[in-house]
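In what follows, a structure is listed as structure tokens, so that the remarks can point back to it.
The chains carry the letters A, B, C and D, assigned in the order they are written, with residues numbered from 1 in each.
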Amino acid sequence: MARDLAGALKHAPLRAPAPLFERPRAAGGIFDSQRGFMRALGGLVVVLVAVLPFLDASPYTISIATSALIYVMLCMGLNVVVGYAGLLDLGYIAFFAVGAYVSGIFTTVLGFPMWLALPATIAACIIAGIIIGAPTLRLRSDYLAIVTLGFGEIIRITANNLDITGGPSGIHGIPTWEFLGWSFADGFTIAGLEFPERVVFYYFVALVVIVVGVIGAGRLGKGKLGRAWKAVRDDEDAAEAMGINTYIAKISAYIIGAVWAGMAGQLMATHLSAISPNSFQFLYSALILMAVVLGGMGSTPGVIIGALFVSLAPELLRDFAEWRYLIFGILLVVVMLFRPAGLWPATAVLPWLKKRRPTPPPFTAAVGAYEPNEPAVEPSVMESVDGLPATDAEEGRRA
Amino acid sequence: MQFGSRRRSRVLQIAVAASVLALTAGCSSGLASGASADSGDGPIKFGMLAPFSGSESAFGAYMQNGAQLAVDEINEAGGVLGRQIELVVEDDACDATTAVSGANKLVTEGIVASVGGYCSGATLPTLPIFDEAGIPMVIPAANSNELVDQGLPGVFLINGTGDQQAAAAVQYAEQIGAKKVAVIDDATSYSADLADAFTAQATEAGLAVDVTATVTPGENDYSAVATQLASAKPEIVYWTGYYQEGGLIARQSADAGFEGVLMVADGSVDAKFAEIAGTGYTENVVGTFTQTPDMIEGADAWIADYTDLAGDAPGPYSTQSYDAVRVMAQAIDDAGSTEFDAVVGGLEDLTDFDTFAGPLTFTPDHTLSGGGFVIVSIDPASGVFVLEDDLQG
Amino acid sequence: MQLIWNGLIVGSFYALVALGYSMVYGIIKLLNFAHGDIYMLGAFVGFFTLSAFGISNETSIPLLLVILLLSMVTTGLIGVGIERIAYRPLRKSPRLAVLITAIGVSFTLEYGVRQIFGPNPEAFPIRLESAGFDIAGVRVTASQIVLVVIAAALMLVLAHIVERTRQGRAMRAIALDPQGAQLMGVNVNRVIAIVFFIGSSLAGAAGVMAGAYYGSIDFLMGFIIGLKAFTAAVIGGIGNLYGAMLGGLLLGLLESFGAAWFGGEWRDVFAFAFLILFLTFKPTGLLGARVVERM
Amino acid sequence: MSALLEVTDLRLQFGGVKAVDGLSFEVREGEILAVIGPNGAGKTSAFNCISGFYLPTSGSVVFRGMHIVREVPRIWHTLRLVQLLQRFGFYRVLPSRVTKWGMARTFQNLRLFRELSVLDNVKTAMHANLREGFWSTLLHTPGYRRAEAACAREAQGWLDFVGFEDDEELYVTQLPYGEQRRVEIARALATSPKLLLLDEPAAGLNFSEKQSLVRLIRKVRDLGVAVVLIEHDMGMVMELAERIVVLNYGKEIADGTPAEIKANPVVIEAYLGVDDDTEPIDDTRLRSAAVSAAAIAEALVDAGESSRGNGGDER
């Protein structure tokens, strides 16, 4: 086993001694592990969302549901930037705009089919991410916030003033997806169920893309890259000391955030069939940020809840629409003051799993013993450690 | 633990199954059922998209009240096809995203006709939605040429288009004997369109367009453009944006030493214009505008009715919205049906229908035959725009 | 020449707002995102007071000064209140949390004002008489002169406070070394409150002056100017008062020329692009303190 | 034994304050070297220069034959573009690169990743050695799973090595201070270093914890890793170090074995005062002893550091 695994680590001059004991295998099952429960919950949510059009296929429902899904995608992208990498991006909507405009221009002005616009969108977003990220990511986090805001405005104003972007009225008549002469607009019938309008069909496409997006962002957040992002967020210097090139880690977070937003932008452009610069104002950047912050930075379920709340609340509570920005503003302050980790914090542990601690391993079971006396002695020493007062003096020096 | 979790997951499975069953059983408007169409009885629903939030939110109420007044009047007179009219209003926030969801909501609520649309940028994406749902549109305020350029059969504009307004502006410029003109827009769809149309027509008419500038709405400082005007000294400047910036431009350009005429487009024709510009800055201001009730003789009764309903005096686009409802109702009445083709036919067949903007007949591309634009100027005493020249002579 | 004068007028607004940014940043390293909205609030306090007394279309300068003072005190207190409620509890929190709070405060102020006064621009009740005359080929109006004089006076007072008074010394001490200052018996909370008061009242003053000069106020008027003021503060060297003044004037000039050369619609793009360039190549700004070069 | 790290005439200036003023020493493979000196003597600043965090004003640092501080061609000096170039990463070696070369460090104030679990903290340090691509992460390929498993196993190995005894899934803030210190050392070791810099590893530990720390450091040395530590606890230093470098006011005043240092009159005068006791010297007395200009400079730098927003120690 150990030899198979060794190949996965590059040549490292110093390897750890084998663990002293084998850890118990992580519990499986829906209710016995966080992971299992979240998977089950996620699956359930996807099924429920997929069932929705069979219950209510009115254009309105489908339209707001699609918008909400697109919001989820956007928020997952911003979550990579803000939640994982800790970079406050106030111009995130700019990438959304890049995605929407690139696909719009590709299909209307240049006349390519929509599926060809997808790689173009992704490429454009990567480039945009680098262009915006490269000069700004060396800056301190608060400068970054303002500069990204400025970039967001630059993109919007530019789109508003150029001819190719249709100027202030934007681009309209964006076609939908089509393959070999068959397009979504045609719709089709399966097993007596009619998928009549492209709206309904489109909902499913959006759903698939978003599920992939959510899972993908979650997976990236758990791997090597994700750990690097979180390390940069928690302590940039320490991350650098751990051999992480923080600049590259930040840029990669930026690019991935940009690509997510770009795909969301393309979905939006196809969904609305028209885009205008007005949809890319700072307000929307702030709304997405609010969704991420309210839901819980870095937490996938939290961000999804936040995205759904921010996008659906004004639709569901009509009187709320008028007050929403005020309420969101107050909520932001209140959440930051009293629950900075958000509604569903990234570090949340399901309540019934909280008390679980691993059973202390019997020392006789120790494998690969290295100075076998050593671990037996140290725990007894360490017992007296709890509540050590020394931290105060240490922290006081820097705080 | 083992036992407990198994039981719980069993419970969960049952719950899921039950909820799915319940949901599918209760399925009424799902995929299997057809789209909601007009049921043939009950009130006829007219939908209206207007801005009630965002930067243009002031205009939403003006439009809604104007339309509501027409609805009330028609209902009192017995309705259309023997049925009452009901007005359903949704917010479009002057933004494509909100507008699309609003349009879809209206379609879902079963409207048979749309009488809304203020911002061109927000109205454009709603066109295919209404078109797909077979809903004819009479658009009261948005007037970008792009709306009709798409050639959708159900789109009718009853506000004069940019071309017509620009024509009025050029006509006035020629009347006062201007040779050098300038045009400023605020980079919004409506304004940029109008500015382009004005430039084209003015050039055609042999006027020199000296300065074309764009300003960013929402800023306060327009000294750059004011200085430009003061040094280029055009005889007439056409401002195609809204009154917030218009007032500031009037003031700042006068301060900078500009002495020509400032002509403003209909977005700027509002009582607030004079307030923002301040006293003493409005003498040289004229506007191109469709007639408002207070300019038409005998419209006092209408204004009184409106004020009764809204608790406030009518504002921009109140009359157009009022007319949009009446036009639509008339077309449905003529057609004798709420079917899309019939109503469109009815709209196309309208001749010399009496509206505030004069007798209305749609051109083949579904715009007004005559724009109905007049020149207004500011009454120094009250600060409101009053009729200056009806451009008929 | 005309461009320079125009630039200076705008620049003096930027400078007044930038001062507050810079002071607050200098002392607690917080980018007070809501600062631009304090500017807006200043204008609305003036508007509210005057409307309550039924005054409109007034042109008297003494009345303007009274309102100016009133607004300054009110916005100053509001600034202190914001600091107390929203920022102080988070002083030990990560930077991200405070920034997000500041955005929340900004939204609260903007849309709170919107709910109270409505979304439409309001005409400011005091207007300065603005007969224009030419000096050396430059078109100058009386209101512009009043404006520049008031701005200059405010800045002089501020410079005096910071350079010559006890509280000013305390501010500089805290900016240099908060811990050390605290050990030396400086009441840090109090000084921070004072900084917020002064910064906010300057922004409030700028708001009233903008109202009187331009004549139109709306609830979003603080957003753009907040960004521009930040840019100005960065150009001058954030944390440095003279830097903020210099940066404000410089940015005003740059924009004035930028708008003249590239067209007004590109003015914001020009300003932000300049900000990005500056941050990339000289993040300490023109007069900023030299920071030890680190990773 | 060849020199692993050579520091020659290192100087670092903040404004007018000389934090490090001509420091030279070398570290041989597999030895334990202690750097001592009164508070503010420039020890941490020197560490920061060596590990690439600060850019020294002059001097050179060579680690395993590679220059951590690079020579800047004269032309850039004359054009005054040095700072700009260095800001964009020219003519300097980033700390991450230094770590990849095999130098790991801990921080004076614990700087663990607070929102990561203990295990993730250690895994993070394996960043540079881990084979995991973007697509394999997205698709959860077998290669990815293998790499993650190897990474987890390695991390567990290091945690066991340092004697970490708590739940690995806990967040570091939930741990007692002593355990956090252990995790930090495990994290540094997980970068697989040849040289480990420990910045006051015993600060805040009680006597028995210090004893186990001494054992741990010896264990690390036995793996073939050289250890350089800054420490105030004289007893510990004397017990542990094979060689001691003494700093005062940024200058090196002595270099030798513990016995030599104890006998060195310069050190006794400058540092230990009249007290020639081998008893562990009380920390607090040392702390109040010397507040030099460099101390203020360091405090200022720290203030600048804590304003950088990564917030490790501000919460």
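Basically, contacts are C-beta pairs under 8 Å (C-beta built on N, C-alpha and C of every residue); 3 or more make two chains touch, one makes a residue touch a chain.
Please read all numbers here as calculations on a predicted model, not as lab measurements.
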From chain B, the most remote chain by mean C-alpha position: D
Geometric centre: closest chain by C-alpha means: A
Top chain pair, ranked by number of contacting C-beta pairs: A-D
Distance from chain C to chain B - Cα centre to Cα centre, in angstrom: 37
Intercentroid distance (Cα basis), chain D paired with chain C, Å: 43
Computed distance of Cα centres, chain B from chain A, in Å: 39
Rounded Å distance, chain B centre to chain D centre (Cα mean): 68
Per-residue multi-chain contacts in chain D, two or more chains: 53, 87, 94-95, 305, 307, 309-311, 314
Touching two or more other chains - residues of chain B: 53, 187, 214, 216
Junction residues of chain C, two or more chains touched: 29, 92-96, 179, 223, 265, 268, 295
Residue numbers on chain A that touch chain C, as the complex places them: 82, 86, 88, 90, 135-136, 138-139, 141-143, 145-147, 149-151, 153-154, 157-158, 160-161, 237, 240, 246, 282, 286, 289, 293, 297, 322-323, 325-326, 328-333, 336-337, 340, 399
Complex contact set, residues of chain B against chain A: 1, 4-5, 8-9, 12, 16, 20, 23-24, 26-27, 29-36, 52-53, 91, 94-97, 100-101, 104-109, 119-122, 124-125, 127-129, 132-133, 144, 146, 150, 187-189, 191-193, 214, 216
Chain B-touching residues of chain A, taken from the complex the two chains share: 29-32, 40, 44, 47, 51, 53-64, 67, 157, 160-161, 167-170, 172-173, 192-197, 199-200, 268, 271-279, 315, 321-322
Of all residues in chain C, those that touch chain A in their complex: 29-31, 33, 85-86, 89-90, 92-101, 103-112, 114-115, 179, 223, 227, 230-231, 234, 265-266, 268-269, 272-273, 275-276, 279-280, 283, 295
Residues of chain C defined as touching chain B within the complex: 2-3, 6, 9-10, 57, 118-121, 123, 127, 130, 132, 134, 139, 141, 143, 210, 214-216, 218, 220-221, 223-224, 256, 259-260, 263-265, 267-268
